[in-house]
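The following blocks contain the structures, represented as structure tokens.
Okay, so chain A shows up in both of these, paired with chain B first and chain C after.
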Partner chain A sequence: MKLQAHGIETELPAGWEGRIALRTQPTAATRSIGDPAERTNPIVHLANFALPEQRGDFGSGAVDLMSEPHVLVVLFEYGPECANTALFSRQGMPKKLTPTMFSGAALQRTLPGQAGCQIFFTEGNRAFCLYTVLGGQSAATRVLPQANATLAGTRILAR
Partner chain B sequence: MTALVVVLGLVVAVLALLVVGLLRSHAEILKRLHDLGAGVEPGQPTSQPASPTATPVTSREDFQVMPQVPSPPDREAFGGAADLVGVGAGGADALSVRIIGVEHDTIVAFLSSGCITCQKFWDAFAKPRKLKLPSGTRIVVVTKGPEAESASSVASLAPASFPTVMSTQAFTDYDVPGSPYFVYVHGPSGRVRGEGTGPDWEQVSSLLAQATVDAGLATALSGRQVAKPDADAAREERIDRELFEAGVAPGDPSLFSVTPPDGADATDADRHDHDGHHPHG
Partner chain C sequence: MTVALPRRADRPARAESAELSSDGIHRDPGNHDPVATTTFAQRLAHRASGLFSGHTSRRSFLTRTAVVGSALAVGPIDFLLKPGTAYGYVCGTCTDGWTAFCCTINSGRNSCPPASFVAGWWKADNAAYCCGAARYIIDCNATCPTQCACRCSGASCDGRKTCCNQFRYGQCNTQIACYGPVVCRVATCTPPWRYDPSCTTSSATDNRTRDHGAPCLTTDCGTPIAKKYAALGGSAGFLGPVVAAEKANSDKRGRVARYRNGNIYWTSSTGAREVHGRILAEFGTQAGVNGVLKYPTSDTRTSNDKKSTYSNFENGRIYDRGTPGVFTVPRPYFAKHEAFGGISGVLGYPTGAVRRSRDNKSRYQNYVGGRIYVQGSRVVEIHGAVFTHHESIQGVYGPLGYPVNDLAPTGDRRGKAQWFEKGIVFYTPTTGAYGLWGKVLDRYAANGNVRGSLRYPTSKPTPVGDGRGTFATFERGNIYASSTTGGFQVNGAVLAAYLDVHGGPQGVLGYPLSELPPAGTPGGRIQTFEGGTLRYINDTNVVFTPNP
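Our next item is the complex of A and B:
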């Protein structure tokens, strides 16, 4: 199942669903945090479970529903001025995540049993954060191949 | 005297005709009401087909519609469901929604932005707690793609709580005769439990309940989500705003630093060049 929008495309494996959208414009009505004048950038949410419509940029609302076999992949694009800076010096999106990359402390919100991994990179002159959440760290060996297959099927097109 | 008798006889005859006509009309009304299922006591035999069995329903005779509502299209068997992929409301974003091989059931609601009857469903879906969805069921709204629909209109109508997929292909995949139209899919098997339409959500939900073994409509799917108290949500929002004003935006690396064990050096994750404020996208 192929998704394509905002210069990002992904070929999802069976059992996954995804969203490629622009970050919600911060306004008083949307309650999204940020500068109302900012130019919003794409956010990608890919998951092997049903994604709720009410979600935060980094998966809040979705991580609450995750159980052990679930994994959530977030691609969050930063502004063009961040590309190739020190934090985003890594070139190319990671395609192979390993269990040792994950930690219960690397979560935006700590939930029992969950583990996260955050990697910053630049690809196609675009700065991104890859944030991956495992519903159960103990299931990393079992579910990471699915996540890696999803990443392998994802391409970021250059600006 | 004779004339009086004749007149009385004529009056009686006319009244008799009136009574016969009223009785026939009454019988017709009772028959129509009986066909609609009114006044049928549990256990009494009816002229309707047997109630659904305790297995997922696949026979179109088990899905009953009101007489004036179009029945599901004639097919040898209900077609299988399909996962949905398309663009989001507004026409710019991309999304896919799993329908088959999932734990939950799905009601796929085919709507359009221009039909008057659909407006009742758009309005109903804006208030998810009042829908009284069967337990473990989610709604997905589908409209035709941007080439056949007004993306801006769909964006203004799309409910915040359910996915809205713009996809003309989905109308073909599900063999939808028109909108509004509803297909109830059993998630684990992908089988269509029932399909049809009605004039409003109350009628449709009643018909869908008849097509499944769920007697009565139980807790909504939203009950599975963690209900955050309003005070906690307000507190989180205030904290997010204060952090942002201090230069710590959502996703800022400083929020994710891993504290090293005592005496150990800082990890690579902590050595990144943090400029203090990374404008988020």
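Our next item is the complex of A and C:
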């Protein structure tokens, strides 16, 4: 299945599901969801397990449900002012994740057995963080090919 | 007092560190993976037993937090007494995977501790802590190389971890690539880009952290204006009692509350700012927030020289100097004034309001040391000796007209020049400021202006007195010009002979018709005048030959 929105497209492998979302922009009348000056950007969640409806942008709510064979891929976009800064100096979206990139500490919320990897990059003058969570670090070798296949099918279009 | 973060005991090397960085993975490679180590659980158990000396009871904590208003109202008994319900959720534990709040580990300060930096943020919607508005959580990540070690905070409530989660939200300080683990979290109702200008407005959301709390975090309720008024002492403060309750302005952008001695204005971009006294009166004459100045961006401040108070606005500033008066410096005058040092610079304090010129071609504002003219999009300052000289020759109505750029160095490290519509004023501290225009300026420019042999002017173009021409003096010569002859330079021994022996332009020679040619010219160095020639032999011998 192919997902396409907000200048991002991805071909989901069998057994994966995903969302490309853009949160509601706060206004003066909706201060409960933030300040009108905030800018919302596209967020991609891809997973080889059922994603819950209520999720944090970096996967909270979803990571609680993960078991060892599960992978969550988050592609989080930042404003154009971030593009090509030191943090986002890497050019191009990573297509190959390896076990050595992952750490049990590199998680938004550290949960037993899980491991994460954050890669900040710029592509087409758009700044992103690719955040990948493994349900079990010990299964990295087995599940990363799936994640890499997903990344291979994901394209960021220049804006 | 600042709590020193526990130092790492070791920094295991990682062979893949350089490789990770080139892959765009900027977490500190020297910070080992504490979560994966077998000693971590032991360390948690050890530390959790009490680095935090003060014990906070469940009831006393809950009565101070936002949860009182939400959860307590729904089921107070359950909420207070059931283990593992809201109390546990708000307080968290060392094993819940989240990081402790900064006020828990930073001596009560809700800010990043030393050796950490604001690295990113997220928000939680509809937060009771912020009275139903969005709540912002700002991560403080350790700077590289990481100087802290993964541990539990040790607090009985908010016993979460510190320096364990090597994760970065990434909207702040993006000029810093390398980051260590999250040391702690700042919780605020202030948008992060206003809390720290290094943060961008790209928002991330995680509503599951909405009610994460700590005893040192309190609710942040009340309108910004109400909080500002309270912070200024309320009715006992200098603003005095309320005379008109807070209300939205007609511009639908901001709010205002009026007090006996001043007002507080608020917008989402400016925050809540007080304006009072004579500055408020002047603000009123400028039509307040509906006028050119728009909303205040500061409270009343005292200038560095202690000679005035002032308030900043979105589009300018108001100065109160006491006896000299209260004056508004609106945009674009304000930007120009600031560019020249503000009240400490060459222009000094404003001395009047913005006025329209008699010819209706400009608006201007006077300052102690000069003036700023605005003509359409052109904003030009004029000050000091140049301003005095310009004024002495009828200013913008005189031969120079309006200034077209600011005073600028001439490039010889000696003087300065300012361009006008019809001429140029040259200035050095030794020669003073003199304007040149017309044929005199044309010749001066053709001869290399300040880099030519004449150097700087020592007079403006002055009528010779014969009804025909003008002349100007320079450090090393003169230029004479008439309507029929154009302008020519005369200098050195030839000038001395021209003036002292032959009576200058009103004498037998009349006006020059050429320049003195350079040494080595075939036929000699002869300068031609209307009534004859002057041949330069040497500095003491100049020969006059009348026209036949």
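The definition used in the following text is that the second predicted complex is superposed on the first by the 145 of 159 C-alpha atoms of A that agree within 3 Å, B and C clash if a C-alpha of one lies under 4 Å from a C-alpha of the other, contacts with A are read in each partner's own complex, and residues count from 1 in each chain.
Just so we're on the same page, contacts are C-beta pairs under 8 Å (C-beta built on N, C-alpha and C of every residue); 3 or more make two chains touch, one makes a residue touch a chain.
These numbers come from a predicted model, not from an experiment.
Engineer: Looking at the overlay, does A:120 come into contact with chain B only (first), chain C only (second), both, or neither?
Structural biologist: After superposition on chain A, A:120 lies in contact with both partners, chain B and chain C.
Engineer: Just checking: does A:17 make contact with chain B only, chain C only, both, or neither of them? Give me first, second, both or neither.
Structural biologist: first
Engineer: Give one of first, second, both or neither to describe whether A:69 is in contact with chain B, with chain C, with both, or with none.
Structural biologist: A:69 contacts neither chain B nor chain C.
Engineer: Just to be sure I read the superposition right, which of the two partners does A:137 touch: chain B = first, chain C = second, or both, or neither?
Structural biologist: In the superposed model, A:137 contacts chain C only, not chain B.
Engineer: Quick check on the superposed pair: does A:7 touch chain B, chain C, both, or neither? Answer first, second, both or neither.
Structural biologist: neither
Engineer: Based on the superposed arrangement, let me know which partner A:106 touches: chain B (first), chain C (second), both, or neither?
Structural biologist: both
Engineer: Where does A:90 make contact in the superposed view: on chain B (first), on chain C (second), on both, or on neither?
Structural biologist: After superposing on A, A:90 lies in contact with chain C but is clear of chain B.
Engineer: Touch test for A:79: chain B only (first), chain C only (second), both, or neither?
Structural biologist: In the superposed model, A:79 contacts both chain B and chain C.
Engineer: For A:40, select first, second, both or neither according to whether it touches chain B, chain C, the two together, or no partner.
Structural biologist: both
Engineer: So which positions on chain A get touched by both chain B and chain C?
Structural biologist: Comparing the two interfaces on chain A, one with chain B and one with chain C, the shared residues are 23, 31, 33-35, 38, 40-41, 54, 56-58, 61, 76-79, 81-82, 85-87, 103, 105-108, 116, 118, 120, 129.
Engineer: Once bound in the complex, which stretches of chain A touch chain C?
Structural biologist: 23, 26, 28, 31-41, 54, 56-58, 60-61, 76-79, 81-82, 85-90, 94, 100-101, 103-111, 115-121, 129, 137
Engineer: Can you tell me which positions in chain B touch chain A when the two form their complex?
Structural biologist: Interface residues on the chain B side: 83, 85, 87-88, 92-98, 101-102, 104, 138, 160-163, 224-226, 237, 240-241, 244, 249-251, 253, 255-256, 258-259, 269, 272-275, 278-281.
Engineer: Residues of chain C touching chain A in their complex?
Structural biologist: So the residues of chain C in touch with chain A come to 16, 19-20, 22-27, 31, 33-36, 96-98, 122-123, 125-126, 132-134, 150, 161, 164-171, 174-177, 181, 191, 193, 200-209, 252, 268-269.
Engineer: Spell out the part of chain A that touches chain B in their complex, as residue ranges.
Structural biologist: Per the stated touch rule, the residues are 1-6, 12, 14-23, 31, 33-35, 38, 40-43, 50-54, 56-58, 61, 64-65, 76-79, 81-82, 85-87, 103, 105-108, 116, 118, 120, 129, 131.
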